[in-house]
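Some structures are shown below for you to check.
Next come two complexes built around chain A: one with chain B, the other with chain C.
== the complex of A and B ==
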């Protein structure tokens, strides 16, 4: 085989004249940048403290953003993760026990919600590593069910009553209790979740995309899939745990009903609607569906039907999600301008 | 223990069964560094199962695989690839959503320290002209070429090619010849499973014939293709292959 320094002279003329290869162009991660900038602005800019509905809705969005990111990480592997509420619950109860028995220090609480679900995810990740498609979705759904039942059956976790009366987190001597501050804590924790996911996908993005696209080929070329799959599952659990922390921080109660298995379907829907090309997809999907849910709430029982209809329409007409569809259209237009003959053939899967 | 006398690839009594179906039976073969060996056989003879078993896609039911003297039996594909044994696939296999450039970058990244420069192969395969194109948008032949160059990007000492010419235009086939020749000249051991007997005759000084999973014949290509039992297995008649040029064994 030719070594890296060896030069092999081609002996065959190609039918198409060789074109000078362009230098690799670094991809600007616009989606990631937009999400980080928006969260930083929400953290720093003054908010109307008297508009409690706006603050409440923003808090709801950032609270469940971690759950959507948890789904997104596994979607990068083409796996539907319905067990997100389980890891939210593990993070939430870890925080509750920390707050009730140890300290209400914000940093310690955040670390507890991050580390405990990540460690708990290791055995589950080892179990689910071999599973694909329907089987992965089913088993993660069952993990959610099992964890939910364990929480309900565990007296130390309050059983069906949960763990009420959690102290507000503290930052030094400051108690972070009012509604705007709670929202800002949520933004900060959501930013941490986003940065964690960005870091993971920056390091493992090529492996994730290859395993999603063609895992047989990736293995034949030398990629070990198990560390990547396990890493994704652990990171997914960690960001779900952060979301769990925000749930109990808002409610001041760790209650099993906050982590029902069916809520996992909502988090999957956020990503399906938003798209999964970058973290912008789950962020937009979460914001859109949370706000729509809030609007539809006035419709009473028909709210679920309205949301369901939206999901059906998305599945039928926007199969790449909102961000993926927009990116695809932009790429198609660009290609059509640069080379009309190739535009149609090249325009697939360009959301990245 | 590895010695310089060890062949690059050796199998000993390799067998693979799927339930009651014996796809590969007691196949022993060896390929030396710089050698190109062909594997032929009628449809269902077990050729692809043999490649799958050697390359770690399937665990062998019995027997052993040695890579440069090291026993690598049953090791997974990623392990074998990093140890120097890589394969291509019968059907065009690329990362369809990624560009040609990104496909080759991934092959290099996954191969780690074994990765080699393949500029000459890229030009040889005509991939320069479609460097930025999405792999899935390429014509079948170019996709197949890309898959082959990606295989070579991993710096293998042993290459298993599963029907590299299948589905290619006749004008594209010489590119396969040149790539295989260059690979062998560089010291690579090449095992080719192929139905195109012209390609086998051009590239493979020795061949191995499989029939119902067993080795029916092995040896110098011309001699083996003239054997009556080989013709019988292929065509159901003992008419010499040389008299059937253009529609010979396996065509």
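== the complex of A and C ==
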């Protein structure tokens, strides 16, 4: 007489054939591609040299794009970084001192604005890598204030007067001084910042995502969180420094008022509004808010009200930001088409 | 001479510390109960000053009444903000932070549009000065100390001797269990924010007439709240009060010998350095809770 298991086993094998699941397709980094292509086009395409307003607005967007990317890198860890102006200032003053006392060579200036903030970020990073959530936000605010006060108190940095009269950067014998060229330099430096961030997220993206989604699980699987957090903070500082270079290159002055603590709120707002699924989020947020501000709110008060209103609306209704919400909708629609029963579930996985 | 300067600085420091305590306690209370970092807190401080000013100049109320009306008015603004902006997203730490930041920006923009960016002419009703030997003590500062101590004592009584306080502490300790016991966050959260906003407004209405009343005080108050709660430990009321007094005294004593911005720089840097050793501040919770 056949045993019970012998009769049950064939039934199981016939009714539940093993399901073959295809390997997940590699994600096409559309967001990254779009931003890089747009910046390359801005670098190469001829621009209407007489439309100075357009050139000025584009220059403004690319100038602060690095600052928004700096926020974005930390947002990948679900951390709100309000201390970006501090590292912009360190980059800016490094460039100013280089330009005034050493050389105005563009490559040297860019390197100074990249390396000095990255090195300066290490001691601060040692503090912040142990902080989580809203605590991080508060402490980065304090870092912004400390660096601002340090600049104001330092005579060698010009104190409250800043360092005026910076030379325009040079490329060989060419002086890169006129408005269109300044904008092109801005585009080039912003492209460098974007590529740096893309490289960092390509290498450490999975670590960032796993720390953001479940730190305990990531740790138990062997991921050491502090080097990743410190690395992110240093990369964030480096791209903020590039943005600082562009600020002083446009103004020809390194002044503490360009790096007030509250300006850090603007950069956070760019990313909160734009989204942080890819570099497209900060890019769209920056472009949108800079253009909206210049169109409808040229005064400080109305700009502040506009920014505040958008922050409120986004926090209440679009918590993934513009690009994140669109990506979420697309992912949900795709799932609904492919498998109506699973629609809406795990849509977050497709956003990235 | 050194003793005199130091005593003078200590008295000034106590007044500063007392006002910081009122400000930081409200900030820490909202974090403790709702787990929300309220960036609008500095805005409530500023609004307290302007409401008091308007109640005096437009409605002709005496200062003490105007101060209380101002604090009550701002408490209502705080409760409405909680109900409309915070409540729908209360469990999302980042979104509540950014929504309150947005409200802070709207508040400062609104006040700047209404009253202008420059200081408004408001004066504290008492301008007399007490003299002890070479020591000059403005009575206004003593009043600030007295009112702040009274406010802190009232808050302590409310939190530790009333059922309302017990409910707030229970929600702060464990929201799930407290809710299961029948406490309704929808009732208590707006009340907690109202209390916090009222305290900030009281500090604002009390202090800004002595110094200056301009929109930028919102930012200064916010930064002070941050540094004090980071020093004291986020969510700890005792830590916040102790850190506030210590910070106020250190600021005044430092200011007696060094320039104001250098003192601030040293103090802020010291707080950051402390975080290397004690990431949770002097009496804070575990970081993962934050």
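Please note the rule applied: the second predicted complex is superposed on the first by the 325 of 352 C-alpha atoms of A that agree within 3 Å, B and C clash if a C-alpha of one lies under 4 Å from a C-alpha of the other, contacts with A are read in each partner's own complex, and residues count from 1 in each chain.
To be clear about the criterion, a residue touches a chain if its C-beta (ideal position, glycine included) is under 8 Å from a C-beta of that chain, and two chains touch if they have at least 3 such contacts.
Source: prediction; values computed, not measured.
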| item | value |
| --- | --- |
| First, second, both or neither for A:209, with chain B first and chain C second | first |
| A:54 touches, of chain B and chain C: first, second, both or neither? | neither |
| Which superposed partner A:222 touches (first chain B, second chain C, both, neither) | first |
| Chain B versus chain C as contact partner of A:310, first or second or both or neither | second |
| Chain B versus chain C as contact partner of A:150, first or second or both or neither | second |
| First (chain B), second (chain C), both or neither touched by A:319 | second |
| On chain A, the residue positions that both chain B and chain C contact, one per complex | none |
| Footprint of chain A on chain B - complex, ascending | 55, 57, 76-78, 81-82, 86-87, 89, 93-98, 101, 105-107, 109-112, 114-121, 123-126, 128-134, 136-137, 147, 150-157, 171, 174-175, 178, 182-183, 186-188 |
| Parts of chain C lying in touch with chain A, wherever the complex brings them together | 31, 37, 85, 88-89, 92-99, 101-110, 112-113, 117, 219, 223, 226-227, 229-230, 234, 259, 261-262, 264-265, 268-269, 271-272, 275-276, 279, 287-288, 290 |
| Touch list for chain A against partner chain B, complex | 1-12, 14-19, 21-22, 24, 206-207, 209-210, 213-214, 216-225, 342, 345-346, 348-350 |
| Parts of chain A lying in touch with chain C, wherever the complex brings them together | 78, 80, 124, 126-127, 130-135, 137-139, 141-143, 145-146, 149-150, 152-153, 261-262, 265, 268-269, 272, 301-302, 304-305, 307-312, 314-316, 319 |
